[in-house]
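Two complexes come next, and they have one chain in common, chain A, joined by chain B in the first and chain C in the second.
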Partner chain A sequence: MRCTAVVAAFLAAAAAAAQQPAAAPAAAAPAAGTSAIARQCLICHGRPEFKKVASDGSVVPLFIDEGELKRSVHARWQCVDCHADVTKIPHPEGLAPVNCQRCHFTTNPVGAPQDVNYDAYTRSVHGRLRLAGNTKAPLCQDCHGAHLVLKHGDPASHVNKARVPETCGRCHVDIYAQYQRSVHGRALLAKGNLEAPSCTDCHGEHSIMGAKETGSGVSAGNIAETCSHCHGSMAFNTRFNIPVNPVTTFKHSFHGIANELGSKKVAQCASCHTSHSVLPPEDPASSVNPANIPATCGKAGCHEGANANYARGRFHIDPESKSSGIIYWVALFFKILTVSTLVALIIHILMDLVKKLRMGHAGGHAGE
Partner chain B sequence: MTEPRNTVPREIQRFTANELAQHWVLLVTLVVLALTGLGLFAADTWLGRTLIALEGGIEARGTIHRLSAVVLMLLVGWHFLYVVFSERGHRQLMEMMPHAQDFSDVRSLLAFLAGRRGTMPEFGRFTPLQKLQYWGAGLGSLTMVATGLVLWFHTAAMMVVPKWVFDVTTIVHGYEGLILFALLFGWHLYIVHLSPGNFPMQKTFLTGRITAERLRREHRIEYRREFGDDAPDGPEDGKGEQR
Partner chain C sequence: MSEPNDALRDALAAELERTHRLSTEEAAERAARMEERVRPRFATWVRRELTIQRRKEKVAVAAEAHGAAAVAATGEEFVRLSLELRLQHALMALSVILLVVTGLPLKFHESGWAKPIIGLFGGPDFSPIVHRIAATGLIIAGMWHLVFIVATREGRRTFLQLIPMPQDARDAWQQIKYYLGRTGDRPKYDRFSYVEKFDYWAVYWGMVIMIGSGTMLWFTEFFLRHVPKWVTDIAKEAHSDEALLATLAIVIWHFYNVHLNPHKFPMNRTFITGKISEREMIEEHPLEYERIMEERRRKTADDGGES
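== the complex of A and B ==
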């Protein structure tokens, strides 16, 4: 018993309707412009209450909003152009997932856009898992939308920058919740600031990799470069009240140097700032709020046992900048000391050299 | 007591095997520490990257640096015991003590080098510049060890000192290392080996011996104390090859 009696009743109705299209109930009658074949599908799928109960007890809605179909970039195509395994009505259960490559392949005759995205997808963590048989991994339609496919520039598109978090969040529920509370999520979702990063700005789109894979933009070796796309610019940082360049100061720190040279142990951006809960240090919930710094620095495998002393001082210090306080002055003192020592030593060496060479000329062989 | 000139040996044993061994350990550890340290100090330059690559990467670089530091600390401990508790060592330390005379000697020496003075000032067992090299290397090593320990055991150290003290320590360790590098591998190397008259190499650091001629020329007061005052000027007198 995989379906409820409700579904069985609809299937019976659909069977009847297929034989007698004219008998379709007025409430389900498609608007003008919907093809005859689509009209037949919508006899059942056009009803909001059309759903089934899957074997695990979950309710699966089977309603297709005709308005969405008409707004979709695929509005001119028939249902069966994509659902090619539907050859009769009522169709059997367990249809194959729609394969977008039916049209979206190089030199396709119908003019469907095709670039390298499909290749990138097959190499991505999503594509690899899906091709390995994991049906929880997304196909094209899981992100781009099945029946309402819109260009990504359309604010209503599932892959529009501001809607990407919601789209990814359908599977990545916890991360979506964290992101919404982060400075990035609040800026993009609540304030509508399109400068704030969406999921894909850091993780990539079709080529998305697992966070620990070397090809990932958010891997330990690449995250500083990824963050630098925005935070590498002081013009950008200043606008968002970030007083120092977090990227260059990181790169000059021991963490940054060791990270750049391939150490996997040292902290990178996300180690301290978190990946999806990034918040300014003033925020009490921020991982880099002074009150939370002992816990952040003291993570297992890092500086275990860190206490409040860890928060006494600045982070991301630039010894070249007066704003670094004592660190600037000590660095300046040592620069002057180093240079004056070098100058003194060189002067002595030159004086000694000149004297000895002169005396060597005057008095013959100077060696032992 | 003035001894007859013909009893002056050609060479005099100036340093003991123990002292030469200490110098060797210091030489090797400081070279390794300097190269591994410079790699990190200049990590954003071609030189730093090459050094780190030669040293086996960022992790291996640190391990080598700390291993050498342990050897250096053992040497510092050994040297401390030597100059405090052994009679010979203690005498050397006393000879190394700076005096007011050293400052006027340096002035005289510079005046001599500048040609404003005809003769080189007379020095004892250790010249003022040798004292400067000894104390520079010694006190330098001590501060490098102290600051280095803070950096090595940073997790524990930062439970005691604030973060900014750690940052200052990092800067001090880096720049002081650079200064010591210049002092020992620039200046000291020039004075003992590269200067005309010594080039390409003086053998004292290998044999512990110094020629009587050089002793007379460069450590006149010590020479006089050992062999009397009657040594006539040799052909190289007044060359002024101070060390």
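== the complex of A and C ==
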């Protein structure tokens, strides 16, 4: 963040403002309107054309929308309550990013909401990268918004369910593009169906882990459980025209069993359905469309050389359901065969046992 | 119970008097002593003893009529399973145990014991290899047996004796009547009773299903070059379901017949020694016993005629 501030024509006015000492956080700052100190800051930062040139030559906008400040849950606070290291004008170089923990900590006196999320964040992949010095990794304000912080229930919030994909997509550009085209993305973003998963529903929020880490909800060992939050319920599946329970049928398949027993090589949900481009099999672009099955099954390390035979048959077979066709009848045949055979054998055993006990084995040899 | 006991005691006394050359009083006294010892089960005991005695005697009488000496030495053991059959059984048993132990955890993968057992065999990446090694053992046992029943005299004879006949249905019916107390006579079995024939053919069925479907699951990618996926799905379902049926049949039925039932507990040793006692032979395979005795009698008579 080493940058050279190019001070424009506002320098003089700003210098005047810096004469005022920074006020301590005022517990009962007026909720409406903009405080005197903020107004001073806005003399420069309130102008859309206020920018600087960073040391790498990029132009950094320094404009702050006063309207956003007023709508934010932090509207009652002063700029310098958060930007605590801004003590003079022109500002010193290397200002630190705002540290939300100044207020959001346990037993804080100003009533800022706090919970374990900050701890979760420091253990998350984002937090660990940030602590390791990677300035591209997000801080609180990168997702929650800097000057327009809203509660997540507010549709305008950056962390509102419907806006999370856009927020994550600011960094994860390719994945955002894939997600928008997937059945989940279309349902949430285009149709506004809040049942559809946003990024955080699968990946977690503050505790987000790398996809290959065992603690991640989307790791090979956990993904089936994560998908089951929605797809484990047949009431849910039926509403979206999914005829069998995809989770239980997966768990009973060879893939699912090996997955459950800890195999890392075996296919799980995302191996076939993809992670972010999930589409129904009817969609020609779907990885599980019959035309694409050979390519999907034939991925390197899986069933290389897969052909169209792989698509000839059902997937997610439930032997208990008539919709499984021949498999249902095979299972039924064996069920009848097993029960009838065992009932007959057990009756035979019991008759034999009763007879032999009555005859008395010991007595049988008493005369010998 | 006292009235039939009186009749049986008299029968026993008569038998003792005749076979042990006792006086009537001595025989009656010994019969009464025996009754005292095994009173609650006296009736069934006497019937059983008399049956064995009569069957032995029938053979002896037939031999005597032809002027030959007694043919069966008391305490003789009869060969029931040749070494080759015992080895086939051992290979199959060992393979099946390994297959069940590495296979059932997959069927019951949701149970707590599934993961530790698979872990015991090297986890989900190695236990399938153990399963395939055991499968190879089972396939070898099956092919060995097929060659045996086609290419050897013993095998051909044994196989023919194992073919189900109408007599087996009659035997089964009589056995059930005997169990229910409708008749006092057990059916007289030849070398293989209907129970043993059932066991043998049940294994045939199991081998065909398990080896057929198992091979398809082992070489899925090869088979999928030639057959649609739903065929391999049938193989998976059949393999899983027949595995359970076979395991239950072995654990419940076979273990009862050879280990747990009161006449064999704790174990019928025939699968190791290959032999059964004369008493077992007379009780369980009387027709075979009589036939063997008849053959011996004829042989000694022929030898006697020649010399």
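FYI, the second predicted complex is superposed on the first by the 309 of 368 C-alpha atoms of A that agree within 3 Å, B and C clash if a C-alpha of one lies under 4 Å from a C-alpha of the other, contacts with A are read in each partner's own complex, and residues count from 1 in each chain.
Here, contacts are C-beta pairs under 8 Å (C-beta built on N, C-alpha and C of every residue); 3 or more make two chains touch, one makes a residue touch a chain.
Bear in mind that the values here come from a model prediction, so they are computed numbers and not experimental data.
Of the two partner chains placed around the shared chain by superposition, chain B and chain C are both touched by A:Leu345.
When both complexes are overlaid on chain A, the residue A:Leu194 reaches neither chain B nor chain C. In the superposition on chain A, contact is made by A:Ser263 with both chain B and chain C.
Of the two partner chains placed by the overlay, neither chain B nor chain C lies in contact with A:Val173.
When both complexes are overlaid on chain A, the residue A:Ala84 reaches neither chain B nor chain C.
Shared-chain residue A:Val110: touches no atom of chain B or chain C.
Residues 251, 254, 257-258, 260-263, 265, 303, 305-307, 309-314, 317, 319, 325-327, 330-331, 334-335, 337-338, 341-342, 345, 348-349, 351-357, 359-360, 363-364, 366-367 of chain A touch chain B in one complex and chain C in the other. For chain C in complex with chain A, the touching residues are 34, 37-38, 40-42, 44-45, 48-49, 105-106, 109-110, 114-115, 118, 123-125, 176, 178-180, 195, 217, 220-221, 224-234, 236-238, 241-242, 244-245, 248-249, 252-253, 256, 261-263. Across the complex, chain A is touched by residues 40, 43-44, 49, 52, 57-59, 110, 112-115, 154-156, 158-168, 170-172, 175-176, 178-179, 182-183, 186-187, 190-191, 195-199, 202, 211, 213-214, 235-236, 238-241 of chain B.
Across the interface of their complex, chain C is touched by residues 251, 254, 257-258, 260-263, 265-266, 303, 305-307, 309-314, 317, 319, 325-327, 330-331, 334-335, 337-338, 341-342, 345-346, 348-349, 351-361, 363-364, 366-367 of chain A.
Those residues of chain A whose C-beta lies close enough to touch chain B in the complex are 251-252, 254, 257-258, 260-263, 265, 303-307, 309-315, 317, 319, 325-327, 330-331, 334-335, 337-338, 341-342, 345, 348-349, 351-357, 359-360, 363-364, 366-368.
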